[in-house]
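Next come the structures, one after another.
The same chain A turns up in both complexes below, where it pairs with chain B and then with chain C.
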Partner chain A sequence: MKFHAWGALAGGVIKESIRRKDLWVIAILSLVILLFSSALGFFGVQGLQVFAKDLGLTLLSVLSTIMAALISTRLLPDELKSKTIYPLAARPISRFDLLFGKYLGAVFATWVGFLLLATTTFIGLAIFKVSFEPILLQYLVFKAFGLALLCSVGMMFSLYCTTNAAATLTMVLAFGGTILSRGLTMAYGQSAPALQAFFKALNAVLPQYGLFDLGGRAANVRWSPAPMWVAAFLFGYAVVYSGFMLALGMRKFGKQAL
Partner chain B sequence: MARFALPILALLVFAFGFQSPRVEPVVSAQQNLSQLEIHESSASSSVVGQFRTNVTSWLWLHTDLYLHNGVEMRPLTEQEKKVGKGGDLASDSMKEEVRVTTIPARESDFRGVFGDVERETSAYKTMQHHSHNDPDVTLPLFRLMVLVDPHFTPGWINGAAMMALDHVPNANQVAVDFLKDGLRQNPGNVLLNLELGGMLVGKLRRFDEGISALQEGLKNVQPRDLADEEYGSAVEDGIRWLALAYRESGRPSEERQTLEAGLKWFPGDKVLSGMLDKLAK
Partner chain C sequence: MLKAIEVENLFVQYRSRSGVVKDAVKGLSFQVDRGEVVAFLGPNGAGKSSTLKALMGFLIPASGAVSVFGLEAGSIEAKRRIGYLPEIANYYPYLTPTETLCLYGNLQGLQGQSLRREVAELLEQVGLASASKTLNKNLSKGMLQRVGIAQALLGEPELLILDEFTSGLDPIGRRQLRDLLQKRRDAGCTIFFSSHELDEVEMLCDRVLLIRDGKLIDENAVEALKENLGSYSLTYRGKQFEAPGVCEQLSKQIWRHTFADKGEFMQTLNQTFKHKVELLDVSCSDGSLEDYFVDTIRRSA
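Let's look at the complex of A and B:
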């Protein structure tokens, strides 16, 4: 366990993120959220709390997903392209340490951006007199687990294909995964047994990113937070799935000629 | 000789062309730009119009979602209907369509623990014999959708119906004012006039005002549109309200005329024929 090395690599990713002005982009997006909230208020339609909360959480979810995909998919290809990976590879750390440190950096950078966006969203919601409920805290925690999982998917794809292709595939899986899962459950009952087995396998392999989104519950009224066993399951699933994705990535990165 | 045949034929065709009637007055539409709607003559207006329609439709879908507290529903697929799958909404008085929850119930979900977790993290509950959220949660959406697209008639009509259900003392008057706003944006609209008239007669018992609105609505009815189920049903209800308003106002001859005219459009309407029989006695 090289916590020091992982920490240094992750810190480097965050510093790079600041240098590349990623956080400025997030700040601008946050401003868009605030302006949008103000625009709704400008129309003078009263009682839009549920709608504003729904819209705010949807926007937060979409923007944070895009951010996770873009940050995680460009880290290693950029290092390889600019050859800045050589000084890192010359250090007494293994390639796994390098990959894992970068992954942690991607996760932390995404979380920082997500928290910034969330803060602005909640300020925007406060304009509509939406109070902060416990389920919103759970929404943040679960979403953070989900973003960590998505970063691992993005990082894995970035080692097998180009940056743009990896970002596209990650976003397709993030946004289309739930739709695909719905399609599978709808078609399952009327399908042949062989196809049903394929559906089960496909569903097991796909990242279940949609499970981490409590937006539907948090936006509406009188929904209780999810039970603890669900939180434990999602945490365990995120750890296991991310581990699997990093192992897949390592399979390629470990053999890659530098 | 043969080499002249083609030019001569061409000349004959050309000469014959002069004999034909002028094409221009026949194909030229008797219309100029000033007669076109703005969205027909301006690309940017057309795009804005499409955007407006999409936003309105999206808000329309959300009213249903909020009434069900975020639980997403879907209609049954053709295959599901074939195998006789039942819906969750058999007892739903607000929708006649058989629908099921988008997230399947445990017994029909093959995903095991993933399905269980989704039912715990999403807005999901069994929808058999379910209740609805207070309709006032949807009122701002109706106001917003008619603000975005003032020509969206279902927004005005359903919004008014929801406002009439609100728990405020003057709910019916608020609904009537909302419909009058709609008529200001859509003068002469048949459905809005009929809804307004029905509300004035049925809920507020303001017969004279109701009669004016109903007459205005029925005046603009196009008989060819009666085949449309929703439109036809609104017109049929409008005729019934008008006949009732005449009866309550002590105007039997006008009631008879309305009933007879209504029965020409809807010969099988038992309410209209019953009212006519009662009037004859």
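Let's look at the complex of A and C:
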């Protein structure tokens, strides 16, 4: 029954996202990437395959991250604001089912957009005669894990602050997470033991979204795919971290007056 | 036998961002029997919607007990037996009424052919069959209210909780809905609703609960109210005779008797023939719920 409810909620979100033309924006952006890549190919810039690949994957990464942040932070506040939450909450489902169903909806809608972007990027790269290594497929899978994690972060923030603040915070953590982590690591090395524990804890709390981005490796050198244990670890990390974020969100949403 | 709704000493509070606590409901207690149709009346801001939200588990009461069929309000088991219509009719703008009802039906545990059949039947009953494939964003307010009514009736709930159910409906829509609700009532469904449309209340209800400032101020059966609210008078020319009710002299030899009780009025009317007075005017008016509402609210203020 729960799977059925989650599926119904997620299905509703995806259907709405497609009809609301959110994903059309992504399609237009994809077309821009495609045209840009084709233009490079048309003018015969042969030495730029690596550059084009790097550019394509970076754009793919940035756009999908923005999309995940915007979709996940908007879902529940929009439901609460427009009062569409009432008929949903009146059904025989728990608040957790409601939150988790919406989370799955955000993840799947993001994945649909991401796949759309990836498809046009790869078509563009194919026009540019860029070779495809297996690591590209792994890039897609890892990125999908990362986007799911980011959606949970966005959804959690959206329950504690305004939609704009939640989207900003999510994007700051997504794009600046690696820099923040690096800063914390440096601070850890130069601080007293008491502070070290604090920095360590802070680093553990930050979403390590950068770990899921294989774009640089996939574009620049002929890297072989990461071993299975790395994939398993990242998958486990994404599941545990997302669970933690949803639990934090549920702490607020479970008691929130509708 | 378990009551359909039991509310005991309910307190609901809202806390503003600045930390100020406002009491929306203050010690409200009432019960609704199974199969009863009860209207929940009160002026704006009286605490009606807050009480309905507490019944649905949308908010946690500050204190008090709320149960539905003996089950904790807001529990999954309780919600399985309730159909709820929110005050504001907003449904997913990019879904059609059929898709909207199928989504809610799925969450209700309904699926497949039986769900699709029930959805089609409900849309027909609420007069939305022709707009079943139009996106909700293109529907009028009244049509959205019909979508809301249809979703509340999904799964044939034992209890209907309706918040301002006639809002946005035209007279035809109101009649359709009234017929629909009467059928549900005849089938044994309990209906508890808030409304400002007192004509609808009068036509549908067994009992009314009147609240003001979060407190129950009166509770009455509609039939009893109608009898008690009646006003009758007769005016005659001639010699005054003794009769019940209030007598006032309008001019020389012209008298008016006013009665609250229909029996007394009829008895006095018969006496006018015996006393050989000239009857000038006879007036009978049934009392309206509106008078009752306004008078009771004023008295309690």
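Convention: the second predicted complex is superposed on the first by the 251 of 258 C-alpha atoms of A that agree within 3 Å, B and C clash if a C-alpha of one lies under 4 Å from a C-alpha of the other, contacts with A are read in each partner's own complex, and residues count from 1 in each chain.
Keep in mind that, in the parts below, a contact is a pair of C-beta atoms (placed from the backbone, for glycine too) under 8 Å apart; a residue touches a chain by one contact, two chains touch by 3 or more.
Owing to the predicted nature of the structure, the values given are computational and were not obtained by experimental measurement.
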Task: When chain B and chain C are modelled together on chain A, clash or fit - done: fit
Task: Vertex chain A, arms to chain B and chain C (CA centres, degrees, nearest 10) - done: 140
- [ ] Using the touch definition from the top, say if A:Y188 reaches chain B (first), chain C (second), both or neither.
- [x] first
TODO: Give one of first, second, both or neither to describe whether A:K252 is in contact with chain B, with chain C, with both, or with none.
DONE: neither
Open item on the list: So in the superposed three-chain picture, is A:H4 touching just chain B, just chain C, both, or none of them (first/second/both/neither)?
Closed with: second
TODO: With the two complexes superposed on chain A, say which partner A:R91 touches: chain B (first), chain C (second), both, or neither.
DONE: second
TODO: State whether chain B or chain C is in contact with more residues of chain A in the superposed arrangement.
DONE: B
Open item on the list: Which partner chains sit in contact with A:R20 here, chain B, chain C, both or neither? Use first/second/both/neither.
Closed with: second
- [ ] Give one of first, second, both or neither to describe whether A:G12 is in contact with chain B, with chain C, with both, or with none.
- [x] second
TODO: In the overlaid three-chain picture, find the nearest pair of C-alpha atoms across chain B and chain C and give that distance in Å.
DONE: 40
Task: chain A residues contacted in one complex by chain B, in the other by chain C - done: none
- [ ] Would you pull the chain A residues touching chain B in the complex into a rising list?
- [x] 43, 45-48, 50-51, 54, 142, 181-182, 184-186, 188-190, 196, 199-200, 203, 208, 210-214, 216-217, 219-223, 226-227, 230, 233-234
Task: Partner chain A, residues of chain C touching it in the complex - done: 14, 53, 56-60, 76-77, 79-80, 82-84, 86, 88, 90-95, 99, 103-104, 106-109, 111, 135, 148, 151
Task: Residue numbers on chain B that touch chain A, as the complex places them - done: 62, 66, 69-70, 72, 77, 79-80, 83, 85, 102, 104, 108-111, 113-115, 117-118, 120-123, 133, 136-137, 139-141, 143-144, 147
Open item on the list: Quick check: in the complex, which residue numbers of chain A touch chain C?
Closed with: 1, 4-5, 7-9, 11-12, 15-16, 19-20, 82-84, 86-94, 255, 257-258
